[in-house]
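The following blocks contain the structures, represented as structure tokens.
Each of the two complexes below includes chain A, the first together with chain B, the second together with chain C.
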Partner chain A sequence: MTMNRILAIAREEIRLRLRSRLALYTLLIFAVLLTATSIATALRMSEEHRERSEQQALAEETFLSQPDRHPHRMVHYGHYVFRASPPLAMIDPCVDAVTGQSMFLEGHRQNTAMFADARASADLGGFEGLTAALVYQLFVPLLLIALGHGLIIREREENTLAPLLAQGVTGIELYAGKWIALAGVALVLLLPLALVSAAAVAAGGSMPASAGIIGLYALYLLVWCGLILLVSALVRLRAPSLGVLVLLWLGTALIVPRMAVESASAVLPIPGKLTTDLRMQEELREVGDGHNAAAPQYRQLRANLLAQYEVERVEDLPVNFRGVVAESAEADLTEVMNKHAEERMALEARQARFAETFGWLSPVVAVAAGSRALSGTDLATHHRFLREAEEVRFDFVQGLNRVHVEQLAYSVDMNRSIDAESERRTRMSAENWNVLDEFSFRPAAAGERLARAGAPLAMLFAWFGLLTAGGVHAARKMRP
Partner chain B sequence: MPVLSAQALSVVRSRQQVLKDVSFSIPQGEVHALLGGNGAGKSTTLLTFLGFLAPASGSVHVQGRDVHENLAAARRAIAYLPESATLYGHLSAYENLRYFLSLAGTDTDRDELDAALDRVALQPEARGMRMQTYSKGMRQKVAIALAILRDTPILLLDEPTSGLDPVAIDEFNRLARDLAEAGRTILLVTHDVYGACHVADRIDLLQSGVLVGAFDRPPGMDRIDTEAVHAAFAKHAAA
Partner chain C sequence: MTGLIREIRFLSSDRAALLWLGIAVLVAALSVVMGLRETASQRAVLSELIEFDRAERAVVGELYRDWGDAAYYTFHLTYDSPSDFAFAALGQRDTSPWKHSIRALALEGQIYETDAENPVLALTGRFDFAFAANLLAPLLLILLLHDLRSRERTAGRFELLSATAAVRGSPWFARAVLRVGALTLCLIAPLWVGGLLAGTGASDLALASLIVALHLGFWWGVCAIADRFGWSSPVNLTVLIGAWLALAVIVPAAIKLSVEAAVPLPDGGDILLTQREAVNDAWDLPKSETMEPFIERHPEWADYTEVSQPFEWKWYYAFQQVGDQTVEPLSDAYREGRIERDRLAGTLAWLSPPALAERALQAIAGTGMAASLAYEQRVRDFHAELRAYYYPRLFRDETVSDASLAQRPEFGVDGALPPHPHR
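Here is the complex of A and B:
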């Protein structure tokens, strides 16, 4: 009987919505907005994905098609790597829009990622920021508030609560029926998200991560349903109920996320790039200049090599000493640069985790964190791109340095500036440029992404549990 | 055993004592009216029988069982007609009745619905229309029909004739008498002296939460003495 009553109440609520043209039209408008936003984002991401893949192939082809050169010239010629957005970025591009998706790789330097896509911004007059994720995080709760703030209050105002309860309906049954009706609307609103997720899967996205995103947003919207219904049960008039819910929306959707970012910056400040670059330059100076084999930093290296090969002069070494210096300097420089990069990334990650803890105060913060983790567009993914790009950089630079060490004689190398013929003799075969590995950045495995979304999911479950407990308490005390 | 009884009932609402030491009992098949002015505590008495309000002291019993210890059983036994019942405007009379009856676990077919609506004299052509187009009296008739269709042994009616025209009031009075004769027990609250005298077997006069008088229908008479009740009502209202 209990379940029959609950379902009857839910059915009646849905019938009311279907008969109310205003509610129906509002739902339709939101459905169109969601679908249009999702399709626009999906098309943009698909185009960007195709473009970056083409750029990556072109960059590799350009590098490999370089003519015979001195290997160190190829180190400075450099190479580009591109990060194609994961398919689920259709839903939540998140940091991809601001961090940049391409990087120039060259010897002795770690460049920052560049070319965040600004073209779409110009095309769409700023509306490119309206992603499916944002619509679900910010605007769908507003729609649910509009539809649900009076769910229980209406029964009081229209004098139908007493007849309902007098039929033997308990407060819990009434509350559950209303909850199911509102949750039903919320789940219908997830259909566009499901369609985009399916498109992402068709484009090679992870099925478990896509399912995770749908589950995450379903849980998030159910949290809002719980909050809306709880306020509707506790407040006795519609206007104050709407006011309270709009204030809660403002707090959780705008104020707390802002607080999270500001607090993270204040509690865990990250030194500016100029400061860290200057500090790193000081350390790099101590490492020495790999172009100058006579620099004092390489005396010990020279002594070790002479001893190892039991010769008196670097000219007698079976390897090119200049190449060995370049190789050694690159390793030392990279160690210093990686140390600073890792420190910076660790700070950024700590800031992100700190900001994420505000999800205990706002479900919007929690869902945003979970969404970008599952979409593969979070800070951790960007950091992995930086690390993988650095690995590519280091490997190809050291590969070229190895060519320098093993294939170019020291004496030829030293005399490269005498005349054109001497310079020509230092050119190595272009076949050596095959040291470049094909770069293809892939999103983390679904399991890893789900694990990263674990904390936000736990926060949303806590919100859901708390609101359900509050709802049960309010429902038990429900009186006409 | 009385079907409904209040024993030394006191109720406090919003820190104000609304009922003070009220006691009465109603046997099966009786129409019992609580008569009083605004704020006398009439509706509060009904809400206490339904378990929506808890007594500060004393108790209320339905079919011999304390309401607050057997809430579900009490509500199963009672059909309640609230004051100014609107039901759902977006539903027709048929849809409203089916919905509320389904919540009460009562299955009814169209013929039973029509029979109940016939008894309250709701025009057949209005029954399929949404109730937002109904007059107050028409809505009240549907609410009364709902109370009848619940087929419970007890009816609690809060100002049941409010909004009804004189003809409909007479029809309601006849209906209430028929139901009582069929064994249903009716407790109605009203401030309509004339109506109460015509329909009730007994009238308790309630003033500021205190029972200040009781009037029984004399044997063989078709109504309680209206003038006596009116005089008592006026005297206590002026006091």
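Here is the complex of A and C:
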């Protein structure tokens, strides 16, 4: 086997392809499609990143500039967090479109994210949310099929296979040459992706993750090259070869991913948030209502405090008992809410993992999972956002409760509803509002994301290995 | 007639064609089964929730003996049950809410919350009949029809067949009719079975079948046009799949982009921030600044606007209402924008038959954007009913009684708001 001969075969193949007008036009159309979707996705995501960062800054500024108030009013005034999309979302926005972008944080409640794009956009039947990532995952394989289904069959049809083999070209050499030609086209098609990745890195994206994405898509397209070439070697006529490949594409790109979704939601059903919330109510009532310091749940707390400070009456405590109750109730309540939120997230993660195992059936499922993990737009990242938002919520609410405990005297607090003057005296200085932490959402570190992409990558490598082995076997046995 | 029988015999011996048809039946049947499973599970979730919600309200009703507290702590479930055809086109139901719990506070702070599915699953989309019929079936039809003539040409029988046919082109026509008809039947039969199981009305099923047939008819036309060029089978197939890609994927994506550019929406974040500022500023404003705009909307309470205490519930609920009033222009613009986007998308969908067919099936199923917006409106109407129930009790400072609580509106009960008035 000589490299020169393999390269000569590849060169000849590409020269022939370029002479075919159909092939040239399809290539050109795809090049335009890829460039257009890449640029459109990148522009949209960087615009959204800018917008949400601005809104985040505005929300923080608004909170900090609130006038003097009763600290518990600030607990209900609440705060907003916005999930700025990570730089690599330019390549694959993924869950960004269906999860909300903003979330209201307030005391005693965990709200859901609001304003998902999908709810306000034009509804056109399934593929309208086209992104560069989807074009690579679903439609570039179609182009490779159109270009490659007849690679080996052509030699048979034109009766050149027998002379080639007779001249001493081995089946493996022929196969490798054709593979290089098709893989070359596939790799050239990655150019727009490489450009967007470069832009994402320039915008602060992680270099290893970007490189990982390019590698992932390269491997994915090579899997398709292997599959196409294998079919082209095994099937003796052009038309059935194309039919088989289109069928395989239909199955792996359109049917299996949705079957994965259906199976995951059938096998591992998740109760909705409303159901969980309602089930949680009983537990929350046991915690008690932190607004009502006289509630029976706080008797023990009161007794402990009185004993600790060796006083008889709540009024004589050096701390504001209403604040203490608010603080303790918030902590207990949050524990209950977090327990249920974590359960829900664990279920969702299991569902997602279950759906991901369909990557063993379809490389499309595998590449999609790897792509969103590396881009930082997967479920794990969304959960990270939810957890970080909760942390911000808990911290500022407890910070305000601390102010309530330490700075607002109990007697003043108790008389807040007598008249306007008494109410005025419960207002704490606005300087206290700086308990709010700055929120800036970042996806997990590149190393963690690469680790999450490990399973999908393993699937693609398995596919690649299997198809290469199959190809070698078919090439060895190649007869005219 | 003998021609048709000959063609049936011919089709039944064409293994490739039988394979495509078999796949069509399988895919359609699977999609119907999964759609039925999904709607059944949505119904089960709802009936459990309705029960939970009622029990929870009974408990809360015992806890608070003050209308202000009762209104503050009581949540009310609203929901949009799947219609009897929803199994075939789940549409917006995996991204837009179909259940929502609200209370008598400012609505704008609550209405945009979503009790959504696992986002990773929602992103891929469901395997429903609409997907099978609108996106997969055209590809199967292309596979069935692309080599009708070119195969005979390759086999060298084309001239002979054409010359011996009584009417020029007729054997091709019969052959194509048979295949299009068989494919349509393969799709529609599982749909009807599913429809019978779900109790769908015959007229809905007939209409849906007509949509499927017309849509496939369109793709037949596309195949017939491609056939005129006399390409070889592989070229023909490549071009046809290119046409599918253009009409089912690229055109819808382009429509979506242009619709969103043509109809900008107010930013969701602005709605939330404006609403919150309006509600919270009220605490620091003179009470009259809340009561005056409130009375403009509710003149019937003009005699009850005296607020003497620093905190009174009627004032509290009045500023909740005024908060909604303040953000109304933005909120209306957001809603009207979404309606306008949907309308424009509906018009432009004529450029993409698969999108048009999808929207048509969603319209029958009551699962489209329009239905989702209609549900949002019903939530708003119900919230208005809640306010109408609480205001007299808050403003007249009545005491809470079980008799009075029994009159509280309940979503989907009393016939005021039927659970799914889709059509």
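Convention: the second predicted complex is superposed on the first by the 468 of 480 C-alpha atoms of A that agree within 3 Å, B and C clash if a C-alpha of one lies under 4 Å from a C-alpha of the other, contacts with A are read in each partner's own complex, and residues count from 1 in each chain.
Following the convention adopted for this analysis, a contact is a pair of C-beta atoms (placed from the backbone, for glycine too) under 8 Å apart; a residue touches a chain by one contact, two chains touch by 3 or more.
These figures come from a predicted structure and were not determined experimentally.
Colleague: Which partner chains sit in contact with A:Q101 here, chain B, chain C, both or neither? Use first/second/both/neither.
Modeller: second
Colleague: Applying the touch criterion given at the start, work out whether A:R5 contacts chain B, chain C, both or neither, answering first, second, both or neither.
Modeller: So A:R5 only meets chain B here.
Colleague: Let me test your reading of the model: by the given contact rule, A:G168 touches which partner, first (chain B), second (chain C), both or neither?
Modeller: first
Colleague: Determine, under the contact definition given at the top, whether A:W360 touches first (chain B), second (chain C), both, or neither.
Modeller: Neither partner.
Colleague: Determine, under the contact definition given at the top, whether A:L16 touches first (chain B), second (chain C), both, or neither.
Modeller: In the superposed model, A:L16 contacts chain B only, not chain C.
Colleague: For A:T275, decide between first (touching chain B), second (touching chain C), both and neither.
Modeller: second
Colleague: Once chain A of both complexes is superposed, is A:E423 in touch with chain B (first), chain C (second), both, or neither?
Modeller: A:E423: touches chain C, not chain B.
Colleague: Who contacts more of chain A, chain B or chain C?
Modeller: With both complexes superposed on chain A, more residues of chain A are touched by C.
Colleague: Would you mind writing out the residues of chain C in touch with chain A in their complex?
Modeller: By the definition above, chain C touches chain A via 16, 19, 23, 27, 30, 34, 37-38, 41, 45, 48-49, 52-53, 56, 59, 77, 91-92, 95-96, 99-101, 109, 112-127, 130-131, 134-136, 139, 143, 147, 151, 154, 232-235, 237-239, 241-242, 245, 248-250, 252-253, 255-257, 259-260, 265, 267-269, 272-273, 276-277, 280, 283-284, 309-311, 334, 337-338, 341-342, 344-345, 349, 352, 354-355, 357-359, 362, 368-369, 372.
Colleague: Quick one: in the complex, what on chain B touches chain A?
Modeller: 47, 50, 52-53, 72, 75-76, 78-80, 82-91, 99-105, 143, 146, 150
Colleague: Tell me, which parts of chain A touch chain C in their complex?
Modeller: My answer: residues 22, 26, 29, 33, 37, 40, 51-52, 55, 58-59, 62, 67, 69, 73, 76-78, 80, 82, 94-95, 97-102, 104, 111-116, 118-130, 139, 142, 146, 149-150, 238-240, 242-243, 246-247, 250, 254-255, 257-262, 264-266, 269-275, 277-279, 281, 285, 348, 351-352, 355, 368, 372, 378-379, 382, 416-420, 422-423.
Colleague: How about chain A: which of its residues touch chain B in the complex?
Modeller: 1, 4-5, 8-9, 12, 15-16, 19-20, 158-160, 162-169, 479-480
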